[in-house]
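There are structures below to look over.
In what follows, chain A forms one complex with chain B and a second complex with chain C.
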Partner chain A sequence: MTDAIPTTGGDPKTIQVRKASYWYDDVIGINDLSVDIGPGVTGLLGPNGAGKSTLMKVISGQLSPRTGEVRINKRPLAGNPEVFADIGFVPEFDAFWQGMSGREFVVYLTRLHGLDKSNAAAAAERAIERVGLTDDADRPVSDYSKGMRQRIKVAQALAHEPNCLLLDEPLNGTDPVGRRHIIDLIRELGAAGTTVVVSSHVLHEIEQMTDEVVLIHSGRVLADGHIQEIRDLIDEHPHTIHVDCDRPRELAAELVGFEDVVRVELADDHVRVATRDPAACYDRIPRLTLENDFGFQGMTSPDNDLDAVFQYLVD
Partner chain B sequence: MPSSDRQTAGATSIGVLMSEELRRVLRRRATWIVGGLGVLVALVMVGISAFTSLDGHGVYRTTLNGLMRPLVIPFVAILLGGPLIVEEVEQRTLPYLLLRPIPRAQLFAGKLIPAAAVGAALTGAMLGIVYLGCEVPSMGWGDTIADFGVTFGGVGLATVAYTAVFAALGALFSSSLYAGILYYGVVELVISQLPIIKLVSVQYHLANMTGSETANPGGSSLISALLSGASIGLPWWVSMLFLAGLTVAMTGVGGLVLSKKQFEI
Partner chain C sequence: MPIHPDSYEPYDGPRGTERPWWTVARQTLGSMLSWTRTKLTLLAVWVFPALALIGVIVEYSLRSSGTELPVPEGQFVGAFATYQAYAVALVYLASGCGIVSHDIRYRTLPFVLSKPITRWDYLGGKLLGLSLLGALTAVVPTLLVGALRLGMLASIDLAGPIVGATLAALGVAIAAVVVTAALVGAISSLSGRTGLVVLGVIGAFVAPWILSSILQLATEAKAAGNLVSLHGAFSLVIDQWIYGDASGVPAWSPFVALGVLCGGSIAVMHWRLKQAGDIH
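And now, the complex of A and B:
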């Protein structure tokens, strides 16, 4: 690691983190971490426990770094509540007030940004439309699917039109349609000049949103730059996809014929596929299961390949 | 978002926070159960006064000093104040509130005021029923209405002050009950009986405003009374100022906790 501050995104830099550390009792969250992040989409990539969520919470102001400083749009975050007008944050976990509809949730949080009722309602409407939940906006959030809950969390972060948007594992648990929606929205926001930071432990997810990544490991920035460099490393390690479906045997039979598929493991209710072309495989699996009525239920990536790359970089 | 769309003052945000908090408190089943129980107890006391040979004035004073002061008011306050911040932590919604451009003390006040107002309304209603059903038939309006006004204010202010104390302690220790119960046991039950330092307890000032601290020593007698732990009657407005000051101080403490504490949610 050099002394140069890791940098991603355009100029001017929206987020400036300087020598920030945060620890939980005797566990390090982030350690003397500095990074500059500017407009565009930046992927914050690292294995579970690397410090991504801690960094997100420190940048968002939920946690104050025990040492060091965070600045948003050149203004220090500490003791400066007005800076929060520039920040939208999507937490990793599901958290909602009981009995609220999606619309009430977004309007309430938007009004807490100082917007009056009509402006907040209009802003919420636009944000809900952007995440594709207009038809379900008046349903209670408790009735939403996991993917819809992720999208309504994104809507509350967007509604007040911040120029710094932080999304902690936003694709967790999303269905293919919701996933596509969120990915497209993130790309769109980044292209429009918003500084978007997305954390994930799945390289492929980040790859669909941006080329710029910051790799985090053990609370430190391990590397920063273009995702292709990571991809080159990762290509040596086949990517694993875990697919839940009703007819895994038939799906496995379809998948083995593809050149990029290097291994297929079969179980009663799922298939585990190792591929050298994750992008193609992520497109192919939902399509195949839908076309052949295999009862697609979802797919996740244990992403051991990324762990292997991190191990390589650490060593 | 154009800045012109945003209100320059934080007043709108606080108003929104307060109205949502009020809605939440009023929708909580526990609020209605406690309110209903309070009214029921008050009606029972009115029944006792009306259908037994017991003196209405005595029943009123017993309800006030034996039930409301040591039990009902702290119970209502801990029920409404204790969970104010703790509940947001437990359901993980606190970050949504903390990450809004609202000063933390205002955030705390915005949550506290509706809960404290509902608490004061509940205890005030209970007191009002007992006053109208027991005290007035026994003593009449003329001689009691002024004292009732002070007592009513004292009960309301004590409820508000307790709610603020329990909310701040809940936020500080991330526990809606235990810290409040400990505070009540130590400060309000033990310290309120001790010479001099009893003046820092809500119980003392509530008793003073409700006319239970009747002696009125002056000069050196006041010092002797303070040291001996005897009954000390201070002007009611001193206690009113103390309870109001305690509420403001606890709101500040709550705001400070929200500012400084790391909520690792």
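And now, the complex of A and C:
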């Protein structure tokens, strides 16, 4: 246990949070939290209700901390709206204006940075291309799949070329293709020197983007460091994957033969698989369902194993 | 632990000088004008000004042909100004209740507020967007009808008596547009459920009206009773400016009532936006 300020990423530090607290009536969001985050990808990991989204909202200026301070590029966030020119924020939830196309969505939000129509359109075009939605840019966002909506949200955060990108649960509900696209983009931005903070309650998601994590629990930074240290702890607890598909019985029969699979639970429309090798399993499941035409719908991880690790660290 | 180089180069391309509140205002107006119900409501409320335009032309033709008509006074302008105050309320009720409420309902507020704009930029842009819709409803028709009538009556030397009344009608229209926009904006910021906002706005129009009627019946203080409702206050302004009637209340009182309502509404809206991250 140390009093040193948790630190991740390179130097100089882009995000500095000092003794920040925020509470919702009687519920603590974050509690006297300090952290320094620099260039590169940092994973903000914690179970649901840990305070990740509150920290994201505080860093992105949605909430003013009741106590403490946030600085972006050494400038205080409070009362300093021009600091937001350095920030790109992707909120957790599915949000868009009714009737707007993807392009209109990105152009409008880019214009709020003061760019005129033609420059905003050009910046939006580059960002849309970067997230791979050029062909669908003129369709209404309401017609997009969940994965495409996540990508258009990322595009609006990238268009003004910020050096600090905050993504709150960006892989929620994404299909495998969208997931891969977003992961590759995040890694690419991190490697180029952008400070990227990605929150998730799923260790495996974070693991695909970065080695550096900050663990949040009960509104505090519980630990920070290399993801392998977390992985070593988690390997003692099998990882659970929930797979929705049309033929769960056949998928279950295929999965039980693998050595890393320690348990398979079957229901009418899904399979729950417990594995000691999540990376292999995440690659295997979509492949198996496609090869055998099992009608793959999607997969999520309740990650109860992560809760167990948090419990271990707290204890 | 990997250390990443800080190779970030800030964007130094061209930036426009456009103010964010103007971007918000244009988006707000554009969004409202794209709705069928806005177009239909605007068409409906433009029927009376269109008839008034025809009436002005008929009046001019009759006067030019030597038909004996009374000397024009403020009645027509007063009725027109009263109508415009109600027309603004109707259009806002149909299309303005979602100006902030939709951003709460569809959770789009965080996108806007994570950009380099202040809460005041957002608030000002929303109110300006709604006011521009109100201007299309009331100010533009008042300008058209007023200018045409003044122009035609001036050509036969009869404009003099109604110049002041016409300018007063324009003032009433602008006040109705701004004060009603602030009231609707404040109520809209209170909930993400637009249906509730519509009920709230109806309540804000009707409840003070009922209260004002009760006060008038109970105290026989007709003018003082008008001060507690939005349209009552407008009627006092119209009485003073257009009919030149002192109304039995201090001349400043309806302006103070409207000012307090407008200022209070803007304060409520700002207070709600300060809690933006907490709004669900």
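Quick note on the criterion: the second predicted complex is superposed on the first by the 314 of 315 C-alpha atoms of A that agree within 3 Å, B and C clash if a C-alpha of one lies under 4 Å from a C-alpha of the other, contacts with A are read in each partner's own complex, and residues count from 1 in each chain.
In this section, contacts are C-beta pairs under 8 Å (C-beta built on N, C-alpha and C of every residue); 3 or more make two chains touch, one makes a residue touch a chain.
Owing to the predicted nature of the structure, the values given are computational and were not obtained by experimental measurement.
On the shared subunit chain A, the superposed partners chain B and chain C overlap sterically.
By the document's definition of touching, of the two partners only chain C reaches A:Gly190; chain B does not. Number of chain A residues touched is higher for C, counting chain B against chain C.
When the shared chain is aligned, chain C comes close enough to touch A:Pro39, but chain B does not. Of the two partner chains, both chain B and chain C are touched by A:Tyr108. In the superposition on chain A, A:His226 makes contact with chain C only, while chain B stays out of contact range. Contacts of A:Trp97 after superposition: both chain B and chain C are touched.
Judged by the touch definition given at the top, the superposed model places A:Leu63 against both chain B and chain C.
When the shared chain is aligned, no partner comes close enough to touch A:Phe258: not chain B, not chain C. Annotation: chain A residues 24, 57, 60-64, 81-85, 87, 89, 91, 93-99, 108-109, 111-116, 119, 123, 156, 160-161 touch chain B in one complex and chain C in the other.
Residues of chain A that touch chain B in their complex: 24, 57, 60-64, 79, 81-85, 87, 89, 91, 93-99, 108-109, 111-116, 119, 123, 156, 160-162. Within the complex, the chain C residues that touch chain A are 1-8, 10-11, 13-20, 23-24, 27, 31, 34, 102, 106-108, 110-118, 121, 274, 276-278. By the touch rule above, chain A contacts chain C in their complex via residues 8-12, 24, 38-40, 57, 60-64, 81-89, 91, 93-99, 108-109, 111-117, 119-120, 123, 153, 156, 160-161, 163, 190-194, 211-212, 225-226. By the touch criterion stated above, chain B contacts chain A in their complex at residues 1, 5-10, 12-13, 16-17, 20, 24, 27, 91-93, 95-104, 259, 262-265.
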